[in-house]
Each structure stands twice: as C-alpha cells, then as structure tokens.
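Same chain, two partners: subunit A is paired with subunit B first, then with subunit C.
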Partner chain A sequence: MSRLLAGDPLIALWTVWCLAALAALVAACAILLLARHALGVRRERRFRRRVGQAARLLAPALAGATPAAPLLAAARCRFGRAVVVTVLRRARRMLGGEAERRISELIEQTGEPARLVRVARRGALLRRARALELLGECGGETARRELLRALASREALLRRRAREALLELREPFAVRAAVAAFVAEPGRSSSAVRSFFLRLAAWAPGELRRLAANGRLETRELKLALEALAEAADAAAAPLAIEAVRSPASELRAAAVRLLAAVADPRWTRLLTRRLDDRAWFVRAAAARGLGGLALEPHAHEALGRRLADGHWWVRANAAGSLARQGACGIRQLTSAVRGGNRFARQAALPVLLRLGGPRPGAHPLGGRRAAVG
Partner chain B sequence: MKPDSVARAPEVVLWEDDPVRRPLLTAILEGSGLAVTAPALAGVALERAAGGGCRRLVLDANVSRPSGTEFLRELHHRLAGHLPPTLALMQPGQASLRAAVRELGVARILPEPFEPDELVAAVRSLARPDERAA
Partner chain C sequence: MSLELGMLVFEAAILAYFLTLNTIYLLFTGLAFQDLLSYRRRWPQRDDRPLLADSAYPPISILVPAYNEARTVVDNVRSLLELGYPEFEIVLIDDGSTDDSLARLRRSFALTAAPPSHPRRLPSRPLRRSWLSARHPNLTVLEKERGGKSDALNAGIDAARYPLFCTIDADSLLEPDALLRIARAFAEDERVVAAGGIIRVLNGAQSRGGRVLRAAAPRRPLLLCQAQEYVRGFLTGRSSLARMNALLIIAGAFGLFRKEAAVAAGGFSLDTVCEDMELVARLHRRARERRTGARVVFLPDPVCWTQVPADWGSLVRQRDRWQRGLLQCLWKHRRMFLNPRYGAVGLVAMPYYALFEALGPLVETAGYLALVALAVSGRLDPMFALLFFALAVGYGLLLSVAALNLDELLFKRYGRGRDLLLMLAGSLLEFCGYRQALAAVRAAGFVTVFVRGRSWGGRPHRLRLTGKEAA
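This part shows the complex of A and B:
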C-alpha cells in the first residue's frame, strides 16, 4: 500500500497497461457490434430488394394470368426458397377465394409449411411461436393440422399464437376451433383477449357476436368484444350494444356507445343522445364524440350544445368537435355558447370556431389525442 | 408495345408502397385491360394522381410514410378538393381509418382479402363526374 501511495513506477506502468488493454477490448467490441449491425442492415436490404424482384417476376402467375409452375421454378432458382415464400405469403394475405387457395397450394409445394412444422416442434419458445404465426400466413392442410395440434401445447404463448394463426387461415372450421380453444383457455390476459377479438371481429364477426351473446365472457372481456366489433363497424352487433347500453357497468356502456357510433346508423341517434346525460363522464364523452359522425336533428344539436357546459373538459371538447362537424346548425350552437355566460362552454367552443377558419379536410377539429378518447 | 385496348383504357394511378403488393395489383389491373401507373415513390404518385391524366386512383390505405390519409390530404390540397374517383384497399376492421378515408372523399373501399375479379370490378365501377354525365 505504501509503495502504491508513494507512486511506484512499476505499479503505475501496470495500471496504464491494464487501462489500455481494457480500452482496446471495448473498442474491439464496439467495432464488432457496429460491423454486425451494418451487415444485418445490408442483408435485410438485399433481402427486401430480392423480394421485390421476385414479386415482379411472380406477379402475372399470382394474378392468374399465366401458369404458375414455370415462373415459380424460375423464381426459386434465382432468388431462393425464403424469398419466394415471403412473396407468396404476402400475396396470400391480400387475395381471397380461389386465388388464396391457389397460393396456399403453391406454398405447400415449396415445402415451407413442413419446414415450419419442424421449427414449431422444438427449439426456443419464441422461435416456435413465430413458426406458428408464419404457418397461419401460409394456409393449407399442413399448417391447419399443426396449428390444431398446437392448441393443446403446454406453453400458453404457443396456444395463443396457434389460436390467432388459425384465424388467419380464414376457414370456418379453423375459426370455430380457435374460438373453442379460447373459451377453454384458463386465465386469459387482457392483451391476449384484445388481440384475439380484434382478429376475430375482422375475419369472422359473427363468431365474436355469438361468443359475446352467450354470456360466457366476463364484463371486462365483453367490453373488449364490443370494442373489437366497433373497430370492425359491425352493424349486426347493434342489438348486443343496445343491451350493453343498459348495463350497470359504465365501461360496458361506453364500449356499447362507441360501437353504436361506429355503426353510424341514424336509428340509434336518439339512444346516443340520451347517453349524453349518462352519470359516467366517459360514457357522455363517447356519446358526444359518436354523434359527430351522424346527421343530427335540432334536438340532438341542442343536447350537444348543453354538453358544452359539462363538468368534464373531455365531454365539452368532444361536444364542441362534434358540433363543428354538423355544419351551420352546429356552428350556431357553438356561436351561441361563445356569446353565452358559461365560461366552460365559451372555452370549449371558441378554439373550435377559430380552427374552423382553415380546417384540414377530414381532420377532427380537436386533433388526434382528444379525438381518440371519445 | 401495349395492345390497343390497354393503350386506349383510362389511366389508373396506383399508390402502394409494398414491393410485393404493387406488382401484384398492377398485374391484376393490367390483365383486365386497364393502363396502370404504379410509382414506387409517394411524391411521384402524388404528381401523377394530381395530373390531368389520372382518371382513377387506387391506393392502399395502410401505407406508411406518408400514411394513406396523409396522401389523400395532400392530394386534396393540390386538387383543391376535387379528388379523382378513388378506391381504397383496407384490411378488415379499421372502422376509424375507414371513416377517415371516407371523409377525405374516397368513393369506394375494398376490404382485404379480395378476389382479383372483385378488384377489377371495383376499379371499373369508379367513374369521374364527366364520365357519368356522358
């Protein structure tokens, strides 16, 4: 210790040498990481470029204009299996009916589903989950069989991916199997439920309606189902929403109001207008926002006008935005609010009227964040 | 050289940023005798769509940078609100996006997945006001 304190030249030299070695090691690691990243980016760009080239080559065959077999063979020879399969999978996502079946058969011919089945059965969990996801995009018999098998997996993640991938097959039997597996799944997380319902509402809204109507969903899940049906603007789900609007659960009422607003059917205008007086502020906000997309009668304009003085700013903002979308009648309500004695109503109406001077076409007068809430 | 039917057909401008979907959509539309321009860059697509030769516009509403709605807004701005008859391709669901593109003047929305014939029929059903009058 005394030698170190005294500044022994040997120790100093040793310290400098250690620090230099450490710095060189860090620099080498950084260079390696950068090189790896650069190589990865380059490889990715090259892959994307080749996918584009293969798509141009295969497009006439995928569109059904020319026989597929010779072009597919040529594309495989030139670009390799991975590139060709990527093109086929993406094309399958876009096309339906006969074209979809034809593409699924082409994918089957490449041997990709069989390879994915092998990946899905062993190895790292995330890799297996990704393989199941890709099997859903491939379609066809091999994929269906493996996905049905994965529904009984011991891993919750694999079961979830298998259910979602079965929906991607867009076949009634696969959809029903996925729904049955979903119902039997213990301890469903909100994110899993939301993700499943959004897919189900998009591909098979009827199945989701049936699931929501049979009373086996918890309130939290029923709300997510209504939200998913609202995202799909499923008009046939209106009876479900009308029932949910009377629910004692305010979250459910808000989801039902959003669904009725998304359907944008004038028959539900009166129902939505009544929800402007709901005891929960977010139900009132949803109703105020939803009414903006409908052609309203004077009594609804007046009801929206009254909400400009609501106790919650979000309701006021949505009411002002919706009135702005109603043309002259709405503007009259906003103008009278600006001239009136209520400070809240004035503050809600004035910025909207100012923005109406030069609105962007289609933009909600209150912008993205506020507009998204109702 | 293009066949006569293609050369005389009204021009369709296609805006799709996906390198797989763009040639596929082009092949489907050209296969039915429509003359298609499908630029890879949004700026070029905007210029073509805003140019006088564009009789129909087909766009994927789910494109990114710029988004489908941003593209339509810019076109609105350039054409002072007189959008050519437009068909938007969309994934199923997406009610909010559907409402947004409707408000921006999109004449028709075709949800995916669709059959090639459905796409062609939807594009052919788009008609400019002057074509409708004729």
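This part shows the complex of A and C:
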C-alpha cells in the first residue's frame, strides 16, 4: 500500500492532506467545545448575579410603590438592557393581574419588543421562534402586533409559537386570534394540540369550551380538550362532558368521565356511577377512580363494590381505592369483600385494607399461588 | 508476487472496512445532530413541568429487579419514591437474594406480607410472597425464587398494575423528571411501544440521597473511556437509528415499555443473554408482521445515571455478555436480515449490527493479529501501519469530539471545563489499549459462541447493582 502511495506523489499528497484536514477538524471541534463551555459558564454566572442585583433595585418600581422611570433608567445604566428586560419579563409572569399591563409598558420603554420584532422577522428559524416566545412574555402593543403577523408565517413552528405566545398575553382579543389561527391550522400534531389546549384551559377556559362545543374538533382533539379542561378542573365544562359521555368513542367517554371526576360535583355522581358499567374497561376504571373523590350514596357504594369483581385489574384496583376513600362505609365493604367468595374482589380489597392497617393476611388466608386462590 | 498481492488485498480490505464503518458512524453523527436539534426545537430546555404533569400522562409501573443489593437498595427505592410523575408504582423484585436486602426493605418501608394477587401471564419462577408498604401505597416488593433478571422482570410485569412499565437497574438513579420526559413519547404517539432514555456514567458524579448533585467526568482512565463511549453511543448511534424506527437496543438500565405490547410479545425471553435487546427486536418483528405501525423511540433528555464496571475483570465480563447477547439476538431474528418486509430494521439495523457491531471486533482483532504477524516476520509496511493508525485515531477523535459538542450544545451536563478536558482526554485514551482490548474480548465472545454452538453460555446473568458483573 505504501509503495502505491510512494509511487504516485499525487496520492501521497492527497493522503497527507486528508490526514492534516482530519487533525485540523478534530482540533477545531475540541477548541470550539472548550471555548463555548468556558464562555457560556462565565456569561451565565455573571448574568444570574446581575439579574439578582437588578431585581433588588427595581423591586419598589415593580410593586408600584415608586415612579418607575428613574429606577428603570438607573438599572439600565448599571446592568444593561438584557438584564433589566429579563427582570421585567419574569416579574410580569409572576405578578400577573393589574401589574402585568404596567410592566408591559415598562418593557415597551426599554425597546426590547422592537428588537425582538427584528429578530423574529429574519435569521435562523430557532432564533425567530424564541423571539416570538419572548414577545409573548413581554406583552404590550408591539408584541401583540408582531404575534398576530406571525400567525400567517409560512413556518409551522413560528405559527405554533405565535399562537402560544398570544395566549401568554392573556388578552381576550389575542386569545380569540390564537384560537382562530389554531382552528385554521392544517395537520395539527397531538403535541401541538395538547400544549395549546393546556394553556388555553389555564388562561381562557371559556374559549376552549366554545371551541370544543362548536363541533369542529376531531375526536382525538376533543379528547385532548376535555383532558385539558379536566386539568383545569373547569366546572363550567360539565355539560360538554355530559354530552361526550354518550359518545360511541370510548377514549372520549373516558376523558369526559375524568373531567366530571375532576369537577367533583355531587350532581354528576349518578352519571359517573352509570359509567361503572361501561363496556370499555378504561372508562370503568376512570369512573371508579373518579367516584373516590365524591361523597357517595348507598347505591353508588354498591356499584363500586360490584366493580371489585370486575374482569380488569385496573378497574378493581381503582374501585378498591375509591371505596377506601369513602371512610367507614367503604372499609366495611372492602372487609366484606375480603371475607367473600370472589377471589378477584378479595385480591383487590386486601392490599388496600393492608395499607389502611386492616386485617392481616393470616386471618384471611388466600393461598400463595394463583392456582390455590379462590 | 502472489504474497505481495495478497498483502495488498488484505491491507485494502481492512482499510475499506474501516473507512466504511467510520463513515457510517460519521453519517450517524450528522443525522443525530439534525435529529437532536429538531428535538430541542420541539421541546425547549425551559422547565415544562407544569405542562408535562397533566393527567393525560399514562401511569407507570417501575420494575426494579434486585439480587443481593442490601447495600444500596433502600436508598435507591427512596430516590425512586421521590420521582416527579403524576402516578406511578414501584415494583421491586427480590430475585431470591441471600443477603439481608429484604429485611432492610421491610424495616425501612414497613412492609407487610400479602399473598400474590395478580394473574401470571408470563413465564417466571414461583413467587414466595408479595410485600406491601404501609407507608407508601405505591411500593410493592415481590419475593421470588432465583431465576435471573429476565425472570424477575417477567414477574414484575405480571404484578404491574399500570399500562406502561419502566425497567431500571437497582443501582441506577433516575433524574427527577426522567419519567415525565420519557413518558411524553407515549402520551404523544399511541404507536410507541418502547422508549429508551440516555444512560450516563454515575462513577465520578457527586450524588446524595439517591440524587445526582453534580455531573463530573470520572478520574480513572477506565471509567473515563466508558463515559466517553456512553456519550458517543447514545447521542449519535441510537438517536439516528431511532429516527429510522430501527432502534434495536433499549438499555435494560432505563427503558419504558407498553405493557400490553410486551405481554403480547411474550415478555422477556428467559433463554437470552441480553433480554432487553431481544425484546425490542421481537417488538419490531411483531409490529412489522402484523402491520401495527408500532414504534420504538429514543429520547435524549430523560437521564438515568448508572454505575459502570470499575475494573477490567467486570468490564470484560460485561462486554463478553453484550457481544454474545448481540449475536444471539441477531441469530434468533435472522429472518429479518435484509428482508424488505421488516423495513428499516431488516434493511438497515440488522445488517449494521451484523456487519459492524458483531463482525467489527473480529475484523479489528484480525487486523491487529495480522499486524503483529507481519511485524514479527519483518514484512510490516510501516508507512501503511502509521497511516492506518493516524486515520483511526483521527476519525475516532472526530466522532468523539462531535458527540461531546452535541452533548454540550444541547444538554450542558458538565459544569466545569475540567470535566470536558477529561472527557477529551478519555477519547484519546480510548486508542491506547482500551479499544484494542475490548475488540479482542468481543472477538473472543464471537468465537465462544461458535465453539459452544447455540448454547450461548446458557446461564442467566446475575443482576447488576454495584457495577460489577456476576461471574
């Protein structure tokens, strides 16, 4: 091989050149790694320290106790725009309410939204997406205008970030615009829908209810909407859930049951109890679990007790857990299940009772192996 | 003349094999850069916990097989109980320990004996008792007869209440949000049947109470080489194969599976050496044969910290086992090899693992042996040897440094520059004996398998807790 290389100076030169290029590439990568790390760590530490100092300086202005302009000017002079804006953005997010509008105005005075608008309009996609996200945290007129404009972007990522950032503004007009853009979005992924709905349920549950009620969502999306409303424990969404409970789609029924359970309104006890006989096991499991958070009437107790012998393990376990949460009456039922003739019910009830410090297994021998049980 | 021609062909073949292998690795690195950057774009680094912790996340059963782990088991269970996840249970399977693991668990978690109360659908040795904790309703300990890791995991799957189960080694530490992050794949895509997270080396890191406080590169060369190997292997190799839905390995130290799919596939195989890889291959196979569209994914941000072997003896046993497991799995699922019916698994993953991962060590060792033979006989071409070595080191370093760059760019795990310098040193050290020794060990594993026929060494491997492989 080396004779081949030695025979042709061009090949030899090419080989040496390749090796040199490889070495240079490795060295460049290593230097890049170390330099990036060193600079990044240093910058981050310094930034964190300065944010803390600026927050202490700006605290009276953020609380509305003193005029903001002089403090803001002093902070900018001492710590720079980036630090001041970070403090303001975080304060806006944490304080919320009336302070939000006031802090948005302060941010506007720093010129940050205008800078972010410039970033959001050109350059790398990730930077643009991040700029839109930050605009949502800044709030104010400039941010709103740019976010509305970004809803028509050609990039799906930018449109998604713009919609979510508009929700961050927590203004009725912005929320409605975000919802309209969401509805018009083609090919929505589950993660985008889930993320949007969770934000919408937290900040404008009414809009999400309207969206779910107007029949334009696919079954999969409606399920996500109900789950997001359940997460927000939105009592006003109960009618939606009641309608969804009758749906032929079992996932939808399960989500509806979870929503009704999250609301924990005794009016829906009967409905949840009926779902204990649903043909889909996960709907029964959701109902069995949901009933645990409600004060139950005797017929619901009985229905839960029957589920201790359900064909699915998860339903049995949830029913046992829910009965345990019912206090003395539920525990009585669990105890009688342990003493009863059904091995499924015994197996579901016993662990729960043991956790509550109930009967010792020795007192109610169930056998060591499955074959010996029942 | 013919000898010279033979040598030329041999040198050219070795060089071509080596260049192809490293070019594939480089291609994987490029794909990984693209894939991980896009992953980060979808899931930015900021804390998503409030959004992640919604009720839509499926509950998880964490299966922890343990054998003679008295020293660490209580701490590890405590750290697992503190995981941030809406709903999970821990099923610790004591696989016939002969030390006082169970006694310690009983004392620490107020365990009460109860007869096993779940149906048995997968093959496993008989359960003696199951223990429930009076303090932690989501902790169950299964006491069973000794049967090996696969057997213990099968018993755990049977006892698991939830639709997803997570397998972790009892000496591994999960980061608090690791479950949330890994379960995201299942919450987003119902076709996902298995997901793997990244495994990082715990040796050298600062940890307290079952939590890693500060990531650090290990100081000992052997550990350093392994740490570097893990970063490269997980961040580049696995993410690019997963992108093609052709990932064949999910580390047993941290993987999340859909219970229904695993049970339908027959659970963990009791006669394999690497049960995790075999199960994933079987899931792929079933998915392709039944056209279910099932996916196996890799996520780079759920982190599990694990102890790696700290001495050569343990490392050699571990790598020998991995090699035998790989060969066994490839043989068992040879039907998929280059079979278009199995998509990327048959056309990309199986040939890749067979030609480069299984045969690679054999070719590499043959190369070293030939080098020695030529040197002894005075026929060594020093120019070729030097060029080859320079190219090997250069290419290897490039891949390692690229993986480190990717890690730093996306995850910034190391707080100190010193750790990065150590990792860089580790990638250089790899070429000073570590790679060559492991290639020889793996080649020996290959030979062992062929000498023993299909027995594969037979005996189920011991569960690993202290990083030391069992005899």
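In the analysis below, the second predicted complex is superposed on the first by the 310 of 374 C-alpha atoms of A that agree within 3 Å, B and C clash if a C-alpha of one lies under 4 Å from a C-alpha of the other, contacts with A are read in each partner's own complex, and residues count from 1 in each chain.
As a convention for this text, contacts are C-beta pairs under 8 Å (C-beta built on N, C-alpha and C of every residue); 3 or more make two chains touch, one makes a residue touch a chain.
Everything quoted here is computed from the prediction, not taken from an experiment.
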- [ ] Quick one: classify A:P248 as touching subunit B (first), subunit C (second), both or neither.
- [x] neither
TODO: Name the contact category of A:G341: first (subunit B only), second (subunit C only), both, or neither.
DONE: neither
TODO: State whether A:G187 touches subunit B only (first), subunit C only (second), both chains, or neither.
DONE: neither
Task: Touched partner set for A:A38, first subunit B, second subunit C, both or neither - done: second
Open item on the list: Quick check on my understanding: which residues of subunit A belong to both its subunit B contact set and its subunit C contact set?
Closed with: 198, 228, 230-231, 262, 360-361
Open item on the list: Considering only the defined contacts, which subunit A positions touch subunit B in the complex?
Closed with: 48, 51-52, 55-56, 59-60, 62-65, 86-87, 90-91, 93-100, 170, 198, 201-203, 228, 230-233, 262, 264, 293, 360-363
TODO: Would you mind writing out the residues of subunit C in touch with subunit A in their complex?
DONE: 8, 11-12, 15, 37, 41-42, 44, 51, 54-56, 112-120, 126-129, 132-134, 137, 161-163, 187-189, 381-384, 387, 390-391, 394-395, 397-398, 401-402, 404-405, 408-409, 412, 414-417, 420-421, 424
Task: Interfacial residue positions of subunit B with respect to subunit A in the complex - done: 18-24, 26-28, 31, 69, 72-73, 76, 81, 89, 91-96, 98-100, 103-105, 112-116
Open item on the list: Going by the contact rule set out above, which residues of subunit A touch subunit C in the complex?
Closed with: 1-6, 15, 19, 22-23, 25-26, 29-30, 32-34, 36-38, 40-41, 125-126, 129-130, 133, 157, 189-191, 194-195, 198-199, 224, 227-228, 230-231, 258, 262, 313-314, 317, 346-348, 350-351, 354-355, 357, 360-361, 365-370, 373
